[in-house]
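What follows is a pair of complexes built around chain A, which joins chain B in one and chain C in the other.
Let's look at the complex of A and B:
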């Protein structure tokens, strides 16, 4: 195989696919990127057997063919090359020579036969939605997913195409984030899948702000096609917990608060928390929320955030990180906090279809 | 003010107590620990026994082979503890700044006590004399400007020794230079091998080594601490309140065990034991450890950080089993151990969203405490898991 490609084009393509490549892997071929040269295009593909990313780019192909080359090494070489066309030629022993301006590299690859093939889901129906929209929905939920490997089904986000909307949900059993987006979902095309965290990260990394993404799933696999990219992933098997039942009904008190003001207060207060004393108390009192922490080994902190509130005094303790997570990813100026008492879940909402449910901490 | 630390270490402590109490054993090789025809290890060996190459932690069978005429005695913890209490009482008459390291060794900060009791060397001498007069036992004492050097000094002076490390830094460096690197705190078998393969055998080799070169061999953090130690620098203070940071229990099988279920049953007994101690101490554990020793003495340890600190048997059991079940049984098991770490007092409890999700931690903890109470009142055996083979860990357990 032999082709010529602009440095920037190749580097951009490598950047899109190289995240999937694990630093250490048991299967050497998984460190490599599969290169395929066809008519006027080359495609690059990487996989960790769970998530695969394929990306194609324009190139002037003189001789079609395929090989695999070490992905991270190739990317770091291409990064350093001058902004000139790169000529790549691969012999039948999978040894690639790479020439660009006055640079010459010889890189040892592996045969493409050993590269695990990318398998596409067989689903009939394809959902189309805006890339920026999907990226935004994932960003607003993914942090709530569990990292506890013993709770496999929670190590990702639920994508639920049902009732003429897409709901994206992530939870670790302590807090839950939910975003919804209205879209046409024919009854026969209703489906729900749990997408692993790694695939979510990959999508956030590769999706652009504009253009359409097409989503297809057959219940075992899911594929996202956009621009020149295809991301496929296995879905997590298992029953996702019934998230609707943990969304509380109307709360006793609802407070409107400036998002950034509350976030800054929490950030400062959490500077005195420790592993042992990792709770921040939120006291809703006369026209203010008082955020405070006490760590026996460190000291105390207190911040007062002005709000409109005339209800009874309520104090509830939360892990401050869990309160800050949604505040960091939302973009609206104001958020609404709903609380009932010190042992009931708190809820954060905003003007857009977003909901965050957070269980308090019992402070001893 | 110049600082002065002592490291006081009793000589062959368990064996010395035995020889003191049974004059007929004096001058003879005495080994305290498991008998030579059974499984288990040497807990202490008298200096006479050490001449045969016997040392603590050696399998007793091996010790018996090396010195068939040695007198083997079982561990009599109560008597050793009594002697230990007497010794610590003596140490505390010199300074309140005493850091116990084990039943028979301690660090003392005598920087202030010098005003009352004379120089550090004089204090060391007085301690040795008083200990000998009141308990009939000998101690070795190291005197130095810091803890690391004091311990090194007492080790080098054994038995019945007293070694004072000079104070000028250049003399300390010269003193350390000829010593093998394994004398440094933190240099075990593995690090020693790494250093030796890089041609570093003595502390002197280390002293002349550039930091970045050492970093490449041992990693950055270890390199930094090694270079300090190689120059005899150690800023650690006396820790009088050595709070318990971990708890553990081990079981050595009377015969190497091949059955996974048997090992598992013993493990679960160990878990309950550790859990019980944890609850008694009012602590919560953040980390659990598993230790497995195969028949050929290869030993592995695995650990897991819990979702949230806990002290109930249910969570500990689940964690222990998940660690154990992840280990293929590559051969017969000689020893199994379970421990907890990252101990903390009360914890803030994050409540769970999903009610159906198992029993909440609090209920598990209450249940575990109730079981403790029943056992205290009616005996160990009256209540247990339905799947338990209780007693497995209690029959024939030996240290090692």
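Let's look at the complex of A and C:
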């Protein structure tokens, strides 16, 4: 294998794929990147057996072939090289020589035969979406996914292509985030998959703002193709809870709040909570929301956020982190909070099709 | 003359009542005897009905061989049995009963009705009240025997007084039924309580099927089939994976030649089979059938046959250990565990690695196999964030938090040899992680190995208890209430402490049967799954109630269990979390052990190191 490639092109490609590489893994080959030189292009591929990322770039290939090289080390070397073309040649013992300007490196690789092959889903139907849109939808939900490994099916986000829309849902059993986007979904192509958190992070890392992403799934695997990148992932097996059931009916009170004002108030009052599990009380009263926290060891804090509200006084306690999470990721100026009483779920909405349900805390 | 003091032979009725004292302890023992008789009669279908906790009615109907009129009359006589003929037969008993005491004893203390027929149509009906034959008549009946025991102990008020609450007796009846149902998976069995069907078990050719029917599919998913045969001893059944352990032996079911029994020997063998897999205070769930030549077993040791002895204990012991090892060592043992946190290793190293996955949480190998953070990448950064995250709050400042509590902590510390410093540290930094679990810390006068799970349990426990004392446990509601089905024993225990659990922030309520709904959890455990915690709590509440006898003890037991369960589910921590844990542990009232008494910190002083390196 022998090829020449611009430094910036190679570095950008390595950056796209190296995130997947586990820092320490049981299988040495998984810390390597698979390099494949074909006609006029090279492809780079990494995997952790769950998520795989493949990226291709233009190169002048003199001799086709493949090998694997340590991904992180290669990326560190390439980063430091001068902005000149890099010539890479690999012998049949998988030893790579890398030359660039006055620099010379010899790197020991491993045979490409041991690298787990990337398998693409066999799904018939391909959905096309705007990349920026998908990235935005994932960003608005992913924080709500569970990190408790005993609740396997919640360790990711549900992608539900059904009823002529894509719904992305994430929940940890305490709160739930849902974003919807209308798109054409033929009846026979309706499907739902749970995408693991790691794949979500990878997508958020590699998706760009423009262009189209093609999504294909066969129920076991899912693939995202965009620009010169393919991200494939296993999907989480199991039945995702029926999220529709969680969405409460019409609430008694609806309040419009300035997002940043409320977020800032919550940030400040949560400084006196001792543990992130501590509760923040939201009191909806005459034309204001009073946000307060109390902690026996530290003290207390209170913020008043002005709103238009003339309903009855309601006090409800939430985990402040749970309220701040959606406020951080939304971009709109105003949000709507819907509440009924201190035991019923609270709902956050905004102008775009976004819905966030969170359960109150009972403070005995 | 005073009262008559001549010695006389007691009338049979009295003798039977005395015998009843040994055989019939409570309604559940009646049920056991009747089901065993039905099984011995070759029944393929047994229907059981009880009412009012068995006081009013215990009825067992079978489709076995039945009896003719003469046998029916004989069977209620004392020491009348079809099962043995002379003393030599005891050596080789294959039936469940043999002493011929049971029916006579039961009939002596109840209103007893027996209908039996050897073929469909002509049958015999007996009615006995308090041991006196009231009626014998011909009657139409299907093949088989049906026994109704009403008003148990109606003529023995002393016994009646010892019966416990309705609920408790039903619990014992169910336990007896489950035991028999497990012992005879090939027999269809049904149980009705106060007219409501509780179990309807079809005939099964494997005990696993029956376990699934009784305990549920979730439960059965944690069991692995066990089978071993050698030297005249065959062992079969199923055993639970180590991560599915219990705080007591309540779910160890042993059967010797089809007879539910216990044998200290087998208990030791089970212990041995799990020795390296479970800590000393945890017990596996096992359902084991030991089959051996009847001549090799002495069952006539205990009147209720609760214990047996073996003539060749060594063989039995080895067979049980081998069966457990085979069940847990096979690849199938590992395959079934639901969450596999790390990417599945390739087939080539599958063998030994997969066994590790089945080790219980909290023990070495479950902790991140990946490093907490890539040390090479963050080496330089380690001291930086550490100073920021405020080790000073742990005591760089003069009035450090841990110092006031330290004398007390030092005194209660269990092994002062390994934990010598008077206070944890006035500064420290995280050096890394060893053994995939333990965190290495450097302090001003030595290095410390910390078990982060134990440490986390301690921190959580103290915070939780403080809130319980302050009667302000924040409770996080759940979006989707979780239903949790528990095994009958655990369900009974949870039912007994619902109020306590609610006070501690668990939103638990009954959902009918042995199922509970959890709609809120204490905020500290908000990330965790309710189901395992609930089972853990049940055992803890029971234990706490027994040992302490007052509220605080029970609360502590529950808190301990909850903390353990919550911490177990965390098997990945970030460096920042570790650092925060170090700070919080330093501030704990008792930082040196976890609430269960295991050490959290092992300290080695620099002086000790120098001594070992021969530097004086």
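By definition in this document, the second predicted complex is superposed on the first by the 362 of 364 C-alpha atoms of A that agree within 3 Å, B and C clash if a C-alpha of one lies under 4 Å from a C-alpha of the other, contacts with A are read in each partner's own complex, and residues count from 1 in each chain.
We take it that a contact is a pair of C-beta atoms (placed from the backbone, for glycine too) under 8 Å apart; a residue touches a chain by one contact, two chains touch by 3 or more.
Not measured: the values here are computed from a predicted model.
J.: After the match on chain A, would you call chain B and chain C a fit or a clash?
T.: Partners clash after overlay.
J.: Is the number of chain A residues in contact higher for chain B or for chain C?
T.: Higher number of touched chain A residues: C.
J.: Now for A:345: first (chain B), second (chain C), both, or neither, which partner does it touch?
T.: both
J.: Who does A:48 touch here: chain B (first), chain C (second), both, or neither?
T.: In the superposition, A:48 touches chain C alone.
J.: Please indicate which partner A:152 is in contact with in the superposed arrangement: first for chain B, second for chain C, both, or neither.
T.: Touch status of A:152: second partner only.
J.: If we overlay the two complexes on their shared chain A, which of chain B and chain C does A:362 touch? Say first, second, both or neither.
T.: both
J.: Touch test for A:181: chain B only (first), chain C only (second), both, or neither?
T.: neither
J.: Chain C: which of 243-251, 315-323, 369-377 or 387-395 bumps into chain B?
T.: With the two structures superposed, the offending stretch of chain C is 243-251.
J.: Touching chain B in one complex and chain C in the other: list those residues of chain A.
T.: After superposing on chain A, chain A residues 148, 150, 171, 173-176, 241, 246, 275, 277-279, 317, 319, 343, 345, 357, 359-364 contact both chain B and chain C.
J.: Within their complex, state which residues of chain C touch chain A.
T.: Within the complex, chain C contacts chain A at residues 338-339, 341-346, 349, 353, 369-371, 374, 377, 463, 470-480, 482, 503, 505, 507, 520, 523-524, 526-529, 532, 569-572.
J.: Show which residues of chain A lie in contact with chain B when the two form their complex.
T.: 148, 150, 171, 173-176, 241, 246, 275-279, 317, 319, 343, 345, 357, 359-364
J.: Along chain A, where are the residues that touch chain C in the complex?
T.: Against chain C, chain A makes touches at 22-27, 30, 48-50, 116, 146-152, 171-176, 241, 245-246, 275, 277-279, 296, 317, 319, 343, 345, 357, 359-364.
J.: Within the complex, which stretch of chain B touches chain A?
T.: Touch list, chain B to chain A: 286, 307, 322, 344-354, 356-357.
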